[in-house]
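Got some structures for you, see below.
Here come two complexes built around subunit A, the first alongside subunit B, the second alongside subunit C.
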Partner chain A sequence: MSRNPLVREVPPTTWYFRQPRYLRYMSREITSIFVGAYCVLLVVGLQRLSQGQAAWEAFLLALKSADSIVFHVLALAAAVYHAATWFNATQKAMPVQIGEDFVPGNVISGAHYVAWMVLSVAILYLAGVF
Partner chain B sequence: MAKSHKPVVWFPFAAGGTVIAFFIPVIVLLTFLAALGHVPAGLSYERMHAFAGNGLGKLIVFGVVALSLWSSAHRLRCTCYDFGLRADTLAATVLYVAAIAGSIASAVFLLRI
Partner chain C sequence: MKERTVQLEVLRYNPDTDTEAHFQRYEVVCQEEWVVLDALNKVKADIDPTLNYRWSCHMAVCGSCGMMINGEPKLSCHAFLRDYEGVIRVEPLAHFPIERDLVTAPDDFMEKLKRVKPYVIPKEKKPISEGEYKQTPAQLMKFRQYSMCINCMLCYAACPQYGLTPKFIGPAALTLAHRYNLDSRDGGRKERQEVVATHEGVWECTFVGACSEVCPAHVDPASALQQMKITSSIDWIVEHLIPGGKS
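Entry: the complex of A and B
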């Protein structure tokens, strides 16, 4: 009798339906599609800005389409989800040790959240939103 | 000693992930306001041109755009694999070349401003 090596069958395209935690992982993975698409929009915006005032204003006007509004809602949700999960992961990725003790994880993630909020409000203020 | 190209890919990925987390949500919010018809004063041509016109502004914009592009390319490569696309070399080549091309284009546009 020969011993058969253990071969675990993993369906390559549907594996993440097996476990809720795999689904959460994949839901974070797909935020990269929207963030990536938004980066392309940023490059196009830079091109329009370099082409002069008329091109830039046409770019801002083109943002007002219904498709663009739907895309922005999805991109905003994706960007916020990416940011929140990234900051939640910081406490695992870079634990801080002071003397014998580790700084509590919540403090590390919390500090990132505070910095994120301060930075976002500062940018909104500088951009003249309020 | 075996050498790995992974740090070269990883450093801009991690830096880009942090840049995306801190900056992209608020930048999306700004263009979302413009999409809703409330263009923030800071997105006017004069203000944007002045910001991207000085050296520090160019450096900030290039840093945010290039690192975000690289990080997104690396994440999309992983996403392709996780959704069952096993042609990893192809996906990596297409996405990294796109990220590098986008970064070079951004630098060219910024230098023209």
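Entry: the complex of A and C
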């Protein structure tokens, strides 16, 4: 008997349809497009600011358009989802051992959520929302 | 005991005669509390003795009977028939070459396992007369979870990165490297980093997390790999950004 192993290739562009968990993974990765796009938007805003008051006000007006609002809602949802997956991962990446026991994972992730809330409130305060 | 007729759709491949694999359907009268492995044993005993598959302990310890069951990597001795409805599709572990029927070739995994040096490399060698290398319970707990791997390779079958990039060292081997790196008796981390901290090592992992979801021993390889990414990054920062720093 000779060896003649059969190799089954993984389809390079459609593999993530094979399992729901792969789709969840891809949806997490795709959020980075929105996060990246929002960074570009911020850079464009800075550029308009450097060009003077008229350019800045035109930029602010553009932000109020329907397309812009839809984009902001999508980007916010993507950023929140991305952040949640990131915080949930911290308990795997940064376990804390005290003596023979490990701190429960939800305490580690929970601490990140608390820090997120505190920093968000601080930023909103500095932005004059309160 | 309650009986149930189960339809099994099993992937067959004969290396001597086939150029492609094909599915063959078996109708098997099973006991309700059986696992998929029992059904396969029934097929082999009563219906088709030519069917090939690996198994040994029948209690989720040896790691021999890993298969894709309805597309999910599972130990077939741990896949209860009562959890499945309709036709149960049984295939060899994904991402490994098929040797024959449900038997895969584990050569690639075995080669990678060797490369990460999965054994204690003592910090300081001492003669036996000086006694054993001692370890506290806390030091043991640091790596114990990662020592539970049974080398069943389900994590490789679940990992799309391994499927797409076969040079990836992969979850189980890297997790074992982490297990020995965390061992207080071990001094071999630097040697393992030559394999671990490379594109073929932890940096090929994109944290899909499927490895941990399918692991029958609850080893959580995804956590080991993320921890190794952090320590490897710290090594790089110390080496490249801190004057006089050495990893």
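Operating definition for what follows: the second predicted complex is superposed on the first by the 126 of 130 C-alpha atoms of A that agree within 3 Å, B and C clash if a C-alpha of one lies under 4 Å from a C-alpha of the other, contacts with A are read in each partner's own complex, and residues count from 1 in each chain.
Keep in mind that, in the parts below, a residue touches a chain if its C-beta (ideal position, glycine included) is under 8 Å from a C-beta of that chain, and two chains touch if they have at least 3 such contacts.
Just so it is clear, the model here is predicted, and its values are computed rather than measured.
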For A:3, decide between first (touching subunit B), second (touching subunit C), both and neither. second
Can A:64 be said to touch subunit B (first), subunit C (second), both, or neither? first
In the overlay, answer first, second, both or neither for which of subunit B and subunit C A:43 touches. first
With both complexes overlaid on chain A, does A:16 touch subunit B (first), subunit C (second), both or neither? both
Going by the touch definition up top, name the partner, subunit B or subunit C, that contacts more of subunit A. B
Now for A:113: first (subunit B), second (subunit C), both, or neither, which partner does it touch? neither
Check: subunit A residues flagged as touching subunit B and also subunit C 12, 16, 29
Using the touch definition up top, name the residues of subunit C that touch subunit A in the complex. 13, 15-16, 18, 20-21, 71-72, 94-95, 97-99, 105, 137-138, 141-142, 160, 163-164, 206-210, 212-213, 220, 222-223, 226-227, 229-230
For subunit A, which residues count as touching subunit B in their complex? 12-13, 16, 26, 29-30, 32-33, 35-36, 38-43, 45-47, 49-50, 53, 56-57, 60, 63-65, 68-69, 72-73, 75-76, 79-80, 82-83, 86-87, 112, 115-116, 119-120, 123-124, 126-129
Subunit A partner, complex, touching residues on subunit B are 17-18, 20-37, 39-43, 45, 47-49, 52, 61, 65, 68-69, 72-73, 75-76, 78-79, 82-84, 86, 102, 105-106, 109-110, 112-113
Would you pull the subunit A residues touching subunit C in the complex into a rising list? 1-8, 10, 12, 15-16, 18-19, 21-22, 25, 29, 89, 92-95, 97, 99-102
